[in-house]
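Chain IDs A, B and C follow the sequence of writing; residue 1 opens each chain.
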Amino acid sequence: MIERTKIILIACAATFAVLSSSIGGINPYYYDILIGCGISIILAVGLNLVNGYTGQFSLGHAGFMAVGAYLASAMSLGIIIPYFEAPIWMPSAEALASDPSATLAWWEYILKATGLICGWLINALFWIHNSIVPLGAALPGWAKFLFALLYGGGIAALAGLTVGVPSLRLKGDYLAIVTLGFNEIIKVIIQNAEPVGASRGLGGMDQQTNFFWAFSFAALAVYVIWNIVHSTYGRGFLAVRDDEIAAEAMGINTTKYKVLAFVLAAFFAGIAGGLYAHFKQFIHPEGFNFMKSVDIVVMVILGGMGSMVGVCFAAVLLTVLPEILRWVAKIESLPQWAREIAENRMIIYSLILIILMLARPQGLFAGWIKKKPRSA
Amino acid sequence: MSPQTIEFIQQLINGLSLGAIYALIALGYTMVFGVLRFINFAHGDLYMVGSFAGWMLFAAPEDESKTGVWASLSRSFAAIPPGMTKVLLALMLAMMICAALGILIEWLCYRPLRQRPRITVLITAIGVSLFLESFGQYIWGAAPKSFPTLIEDTAIEIPESWGSIASLTLLKGQIITFCTTLGLLAALTFIVLKTKIGMAMRALALNQTACSLVGVNVNFVVAFTFGLGSALAGAAGILTSIQQPSIDPLMGILPGLKAFVAAVLGGIGNLAGAVLGAFLLGIVETMVVGYISPTYRDAVAFAVLIFILLLRPSGLLGKNIREKV
Amino acid sequence: MDKKETPLRMSAPLLQLDNVTVQFGGLKAVVDVSFSIGERELVGLIGPNGAGKTTVFNAITGVYHPTAGHVSFAGKKVGKQPPYKITARGIARTFQNIRLFGSMTVFDNVRCAFNMRLKHGISHALWRGSKVAAEEALIEREVMELLEIFGLHEQRDENAKSLPYGDQRRLEIVRALATKPKLLLLDEPAAGMNPTEKIELMKLIRFVKEKFDLAVLLVEHDMKVVMGICERIAVLDYGQKIAEGTPAEIRTNPKVIAAYLGKEVD
């Protein structure tokens, strides 16, 4: 007896495949928005797992999107990362050799050793990447794209692990700030990474993202996260949100759940990043900054933290909103100041946030969908 | 003294000057956290408001497009010759405007959420911050503005007879920053330690319920705290603009974040910690820029933040508050 | 006392505290406390407010780690294990202020306790096979059984926090029992109850102990409840153990009386 949700998922994917060819022909402007909706859903649903279901406050989700975008692009463009020569702050072997009277102090040895070890570790990571790239290049069209996406998602998941493990013992405000910090650090790393274009951005990807890919992954994200949460295993996430101490007392490894939520969300953010990169065909580090993270957080809050349907609606709404505002700004009959405010969507956003928190902190959509009176 | 030592002292001076600004902003963060237990994301933008208050009042209206009352006000203020009086006037006015704005924001946006979970208030604070920034861009435009000259920011002449120290550059702006900061710190210490309202602030930081039970007007004390913190941020805005006359509506983001890191470094909720953390951060940042590379200027704060939160989240001077089970 | 219990007293105790001290900075909440609990014993832990009773609970369950001394369970030291591992070993607890999972139903609250014994992991998310379905069905049966025993099965789909106070306390006990413990720690279960409810509670605790075959450590302020059901009682004052014995002995112990009522003024 195949699970009902599985049937729905497969049906969705089939529908999308069929629709994809015809939808590709619609007005490019609307197509853009449509794909954007799909990508936003993936981002929001992933963050909802962390912020909504597990009650952790992550403000750095765009960082994982960036990791996915850049690594997926690197894979499909076949970018090889050159290795470090020697740590920049240490004299090279030749310099040392040419001046035999220079003996290093003991602390200089330690510094040099640490520098060398760090350099080796980083080079090892680069070597792994460089070895995987030709594997991807050998694959045919769509398989290469899928491979790149999964690669981006996988590395993003690793990034989620790296950020999550040390950070997740912090609570509330502190966790928010640390995740924000990591978002900035990821951005700074990209801005200094020459092989992927640094501050100039990275372009040249094929436009391989279409309706099918974007929405199939969106459906997959919803499927995976819904299934996980609505099971005995998944109740652990909610327990962590409701009362960590009680959860621990009930035998639930709260750290594991927090890290798991983080890693899973980061994976999907990475996929979303890869999809984005192969749609817009150009990515830039500033596109993955704090503001983008806030965008995604607003989607989760607007949708009602922990409400899957609400979050999907909110993601679509907030993707479409800037376009609506742009349209409003063009309405000639409105006064100039109204048109200007519509142009500046940040004003509207921030007001939405403030009013929402004051009036309806559970989100716009929470409680609209009457839940069946069965425990999940 | 060797040139390296002179260089080091120069960096130290610059670092302390930077740290002073961070200290003024960090105090606001820490005071609000102390009484309300939340991080006011919008605080850094009050620093920006301080600068712009100075610009609105003191920049000659012909330079920029100002209308109505601002035009006439700024015409008269711009006419004042540059000097200490102008500086003090700017400081006072900016501090008053920022204090008022801070109190208004607290009353409108944070007070209704007093009983709600902290995350709700945090998100509201992000909203307020974004609003101030975007609204600022809307009114003043995103392009940087030129802050009017309140005082000639020239270097102090150090007599040659003092030896190699004479090669140090000590700007008037830096001296004013130091002195103003020290003065404000002294005033703040006096208020917190020696006045009734200061005692109320300290009590509120310890136990809000008990305070209201013994008759402390919690709303008033909170408003006062906000006003005080915002005033300090406004002062920081003016002091920075004396040395860096290019201001724009987004200028509060980075200093705000860095001042927050400073507050966390020192132990959030701890006033002395905020000052200590701020000076430390200012010095470290200046040293990194001077000795390693300017590209890492902003990354320093984040690196410090990550380190301190992962190693010692309560900060250098903070106390670890355990949750009662 | 049936024949089964006497030999057990001579074998290794289920829970043992050896010179446990819990210190927070300068404050010593628990000082050099030693006692033990055997299998299937019902032991009470009493003392004036602030004596350190909940701290002892927290030390046993791993929320705090003893600054000195150690806690042993079933012969093995508990060490610095995190609380969830200690629960897996067989110690469950309830809390002074009820800590139910507020966003979940009655059913789900109990269901959470089965997390630590799940045989499947995250992989089931992608492919819910028959094994997973079978396990979920088993869990459903076990949870409903538990709820039925305590008469909460009708409210299974209601939000846990919407239950009346007494039912919430019982639900917390059910949830703790769902972890299949060998030792149950109850932290002031009678708080906020009227005399009738307290009598019901006493019956409930005795029933739970018998039916689920476990030892119970009870922290309680209500002397009727404590004296009524406990086989042994330990008394704490200012973090130190000042007396231990049967209810009759404790009732007449001058140190205990002094701790609660203060010394007589001559």
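Please note the rule applied: a contact is a pair of C-beta atoms (placed from the backbone, for glycine too) under 8 Å apart; a residue touches a chain by one contact, two chains touch by 3 or more.
Since the model is a prediction, treat every value here as computed from it, not as a measurement.
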Remotest chain, chain C as reference, centres from CA atoms: B
Busiest interface, judged by C-beta pairs in contact, is A-C
For chain A versus chain C, what separation do you get between their C-alpha means, in angstrom? 42
Any idea how many Å lie between the Cα centroids of chain A and chain B? 33
Centroid spacing, where centroids are CA-atom means, of chain B and chain C in whole angstrom: 50
Contacts with two or more other chains occur in chain C at residues 63, 95
Mind pulling the residue numbers of chain B that touch at least two other chains? 325
Enumerate the residues of chain A that touch no fewer than two other chains. 245
Touching residues on chain A, where the partner in the complex is chain C: 3, 5-6, 224, 227-228, 231-233, 235-236, 238-239, 241-243, 245-255, 260, 306, 373-376
Which residues of chain B touch chain A in their complex? 38-39, 109, 112-113, 116, 118-124, 126-131, 133-135, 137-138, 260, 264, 295, 298-299, 302-303, 305-306, 309-310, 313, 323, 325
For chain A, which residues count as touching chain B in their complex? 57, 166-167, 170, 172-174, 176-178, 181-182, 184-185, 188, 192, 245, 294, 297, 301, 340-341, 344, 346-347, 349-354, 357-358, 361
In the complex of these two chains, what residues of chain C are touching chain A? 61-63, 82-84, 87-88, 92-93, 95, 99-105, 107-108, 111-118, 120-122, 124-128, 132, 135-136, 139, 156-157, 175-176, 178-179
